[in-house]
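In the two assemblies presented below, chain A is common to both, partnered first by chain B and then by chain C.
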Partner chain A sequence: MTQLLQLGISGLALGASYALIALGFSVVYRASRLFNFAHGELLSLGAFLMTALAQVLPWWLALAATAALTGGLAALLERAVLRRMVGRPVFTTIILTLFLGLLLRAGIVIAFGADTRGMPTPWDAMAEVQLGDSTVLLSSLVSLGATTVVLVGLHGLVQRTPLGVAMRASSENQEVALSLGIPVGRVLGFTWFLAGATAAVAGVFLGMFPRSVDSNLGYVALRAFPAIIVGGLESVVGAVVAAFVLGLLEVLSQAYVNPHLGAFGHNFHAVFPYAAMILFLVLRPRGLWGEHEVRRV
Partner chain B sequence: MPTRPLVIRYEDDLKLLPGAWHKAGAVLAVAVALAYPWLASARWLTVGNLGLVAIVGAAALMVLTGFAGQVSLGHAAFLALGAYAVAVLGGKLGWPFWLALPFAGGLSALVGVVIGAFALRLKGLYLAIVTLGLVFLTQHVLLAYPDVTNGLSGTAVPMSWWFRDETGAGGVPLGGTWTVGGVRLTFERKLYFVFLLLSGGAVWLTRNVQRSDSGRAMMAVRDQDLAAEVLGVDTTRAKLQAFGVSSFLAGVAGAMFAFQQQYITVEPPFDLNLSIQYIAMIVLGGVGSVFGAVSGALAFTFLSPLAETVGGAVPLLDQLTSAQQATVLLSGVVVLVLVREPLGLFGVWLRVRRYFQAWPFRY
Partner chain C sequence: MSASSPPLLRVQNLQVVYHSVVRALRGITLEVPTRGVVALLGPNGAGKSTALRAISGLLDLHDGAITQGHIELSGQSLLPLAADGRVRAGVVQVLEGRRILDALSVEENLLAGGFGMGPQARRELVESAFTRFPLLRERRRQPAGYLSGGEQQLLAICRGLMRRPRVLLLDEPFLGLSPKAVGEVAELIRHISDEGVSVLLVEQNAKVALGLASHGYVLETGKVVLDGPAEQLREDPDVQEFYLGFGREGQRGYHELKRYRRKRRWLS
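On to the complex of A and B.
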């Protein structure tokens, strides 16, 4: 039971980071109808920026600056490259964002070097908290809390503010939104800014102990894909919920499923979400909350 | 002046080489391909062999993505299956390579059709992510049975008796070099001609798929699957055929790659990056045509060593490893092509051809 609670919290903390990643993918998909494979590199960039900025700025200020800078870069990418891709086939945008990701990764290696870094934290990096019988990393709790705050804040922004209404309107139908006087271009830019900023925050928390910051951190975003697909590409809420489930599933399957599979179980938890996703999609091809597309020929 | 041969009969539309341009191009291509191994240095001969492997792999992806419109990030999985199939069949069971090669393709095709059946209900990005998952699952399975695949440390890929490197006096390997009537046939050269035959076959096969009814059914599915179904196209069959042909050729390409490398590991090369590279090839060449697959594959393979040469001379880039430099320069080229020339090299070729055909008039 103690172990279950402990695993549950670390699973939720992992799920929280996945949720931030999934959120970024999902809002960008809703706004631009493209799947941003460069998202993982934005996350990695955020983590590296944080390690550099935390040296000169107070921690919270550095976090804000990191989020703002990464978000700015994401908005710039959208404006400079991806907006030209409107109306092009799906694989064009896939390949373009994949290669933008490769370029970003190389840029990160050039700017920050290939060395592994530790993520600075204002608290002791290995500090633990006693919860009943179980010990939990303080970083896990903070990341869980911070993610919840960000998610609730974004939910409020999208549901309650005029900007949120504009975002929802432009993702629904860009032409109608334009004709109603919504500056769709700027809204798109802001959406990408949000995606970049949340990616950076996710990167900062994913880089904390026991993990570290290196140039392969961006691959973590690949691990969040099953959540986005199972949740349904069109549904932000679905993606976030599925991301938490995914985090739990990954940690719990590592503890409870791997040992029963013998040699096959080694590292099985890393691919288990993908296997689950493939089976799930056979039953529901558009994910849990994905909209069933109605088309006219 | 007509810019393409006049098509008045159905048979004209089905011709393998419809015009004088195509015939001239085919003759030129065959001549260059036959002369290449005698002119190129050892290093460029290796690049040429890799290029021929890439042609088969790109043709395979072209059938699935270019003709049938099923975006797949799982190409690396099929290549890995083919490569490991010949390694295991040759190494553990002692099969000769000409027997193991089609078997590798067959195994890969079997897996492809099964995955295709899973993928029937999925579209676009959903399919892309599922096939991405296939890469991870394949890697996991290959690493999980070290008794068969030798796990992380990789496995040697034996060639058949007449390819095998002979060991001379004192254990010095002779590299399987033959001298036939004053002509030196090195291992790489022998490999080149076998590969040339295989990739020629693959190109011929994909071209036949493209111009036959099954290929047209795939294209109908790509352009508008609902309309295709209404018009009586069996979309299930078209998709499964595309998956089958594509994964068969991908398995063969993987097997060829394994023979060329002689020693393979799971990761690298069989990871997401490999899938990305193959997508880049068909995008670079131009999606939807066999010419695109061939030119994209060749452009991509021949650019890589060039990029490594250039990369060291560029400031900032010289901090990276040579593989990373090549990646950066190639990514730059691909991004530029995508933004400026959506049809890829095929589009460039169309414009060049149109210019000369209309000369001295501009359109």
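On to the complex of A and C.
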């Protein structure tokens, strides 16, 4: 029981980071109808920026600056490169974002070197907190808490503010949004900014102990990919919920399923979300919450 | 239209090309006065929607471009402005086919129309839409996709009014509506016009349109072929025959109409 609670919290913390990644991926898809395969490298960039900025700024300020810089770069990529691809085949934009990802990755290695770094934290990276009988990493609790704050804040922004209404209007129908005087281009840029900023925050928390920051961190974004499919491409909320569930299942299956599979089960937990994704693609390709548009009969 | 006051909206010798090759407008000139309704009539493909898109700045989205001509709002050229700038200047288009944002609530649809305004003004205008149509207030939290066709059209027009436009461009607002809904939408247009908003009304339903308008233009294959005061157009034999459904000797039978269509298809 104590182990279950312990695993549950670290699973949710992992899921929280996946949720931030899935959120960014999903809002960009909804707004520009393209898969941003450079998303993982934005996450990696955020983590590296943080290791540098945290040396010179107070930790929370460094986190905010990291998010803002990464978000700014994402918005710049959209404006300078991807905006020109509007209306082109999906295939073209996929190749383009893959390429942008490679460029970013190379840029990161040039700027920060290829060495593995530890993510600085204002608290002791190994610190544990006693919750009843079980002990959990303080970092897990902080990342779970911070992510929840970010997610709730974004939900409020999108659901309750004029900017959020404009974002939803633009993603539902660009022509209508334009006809109403909504500056769709700038709204799109802001969407990319949010995606970059949340990716950076996810990168910071994913880089914390027990993991570390290296140039392969970007591949973690691919781990969040099943969440987007399972949750439904169209549904940001669905992707976030699925990300939490898959993070939880990943940690739990590592503890409870892997040992029973012998040599075969060595990395089963890493495969597990993809198995779930394939199952969904076969049985329910629109995901749990995808495409439930209101249709008048 | 009085000749003394300068027009609010003036379109001069406007030419529009789609995909760099398809000529949709071949130099049209039209004017919308400071008050009143102007009708723009014509068959499918005549260029009516293109004219509205050119005025509201939505041509880019359809890969269209203005190759010649001017569009002015009280003497100021609209051409340097993008779509959102033109809305701010006071030109709002209500798109064909209602285009309600289904996933947004009724109230959010209105709020989307008021993007960029102060919270106070936005609130007031949402309230004024609700006062106009209490039904919208009742359903303010419901997804707007649940409204009936007529209600959606009323909502779309109210949404277009959110930015207090000086001229409202309506693209076939009566399309696919029940006779009752047509009456309600016509009533709303009359009210808007009385409140001092100029209306440029694109319609195929010439009967309703000429009933509302003070002046009308008939567009065919990208050119204005006829224009004049609405009552004059109503009396025009060609307009009566092709747009109002009367033959020279009274109502045409359905049988003859079918023959006419078949003949046209052969010829074109």
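In the analysis below, the second predicted complex is superposed on the first by the 291 of 297 C-alpha atoms of A that agree within 3 Å, B and C clash if a C-alpha of one lies under 4 Å from a C-alpha of the other, contacts with A are read in each partner's own complex, and residues count from 1 in each chain.
As a convention for this text, a residue touches a chain if its C-beta (ideal position, glycine included) is under 8 Å from a C-beta of that chain, and two chains touch if they have at least 3 such contacts.
All values derive from a computational prediction rather than experimental measurement.
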Worksheet entry | Contacts of A:61 with chain B and chain C, given as first, second, both or neither | neither
Discussion item. With both complexes superposed on chain A, which partner does A:4 reach: first (chain B), second (chain C), both or neither?
Written reply: neither
Discussion item. Quick check for you: in the superposed arrangement, does A:152 touch first (chain B), second (chain C), both or neither?
Written reply: neither
Item to complete: Answer with first, second, both or neither: which of chain B and chain C does A:178 touch in the superposed model?
Response: second
Discussion item. Let me test your reading of the model: by the given contact rule, A:278 touches which partner, first (chain B), second (chain C), both or neither?
Written reply: first
Practice prompt. Have a look at where A:127 lands relative to chain B and chain C in the superposition and call it first, second, both or neither.
Written response: neither
Discussion item. After the superposition on A, what does A:165 contact: first (chain B), second (chain C), both or neither?
Written reply: second
Item to complete: List the residues of chain A that touch chain B in one complex and chain C in the other.
Response: 295
Worksheet, complete the sentence: chain A contacts chain B in the complex at 29, 35, 81, 84-85, 88-92, 94-96, 98-100, 102-103, 106, 109-110, 222, 225-226, 228-229, 233, 263-264, 266-268, 270-271, 274-275, 277-278, 281-282, 285-287, 295, 297
Item to complete: Mind listing the chain C positions that touch chain A in their complex?
Response: 56-58, 61, 82-84, 86-88, 92-95, 99, 101-104, 108, 111-116, 119, 122, 143, 145-149, 159-160, 162-163
Worksheet item: Which positions of chain A touch chain C when the two form their complex?
Response: 162, 165-166, 168-169, 172-183, 293-296
Practice prompt. Enumerate the contact residues on chain B facing chain A in the complex.
Written response: 65, 71, 73, 118, 121-126, 128-130, 132-134, 136-137, 139-140, 143-146, 224, 226-227, 230, 272, 276, 279-280, 283, 287, 316-317, 319-320, 324, 327-328, 331-332, 334-335, 338-339, 342
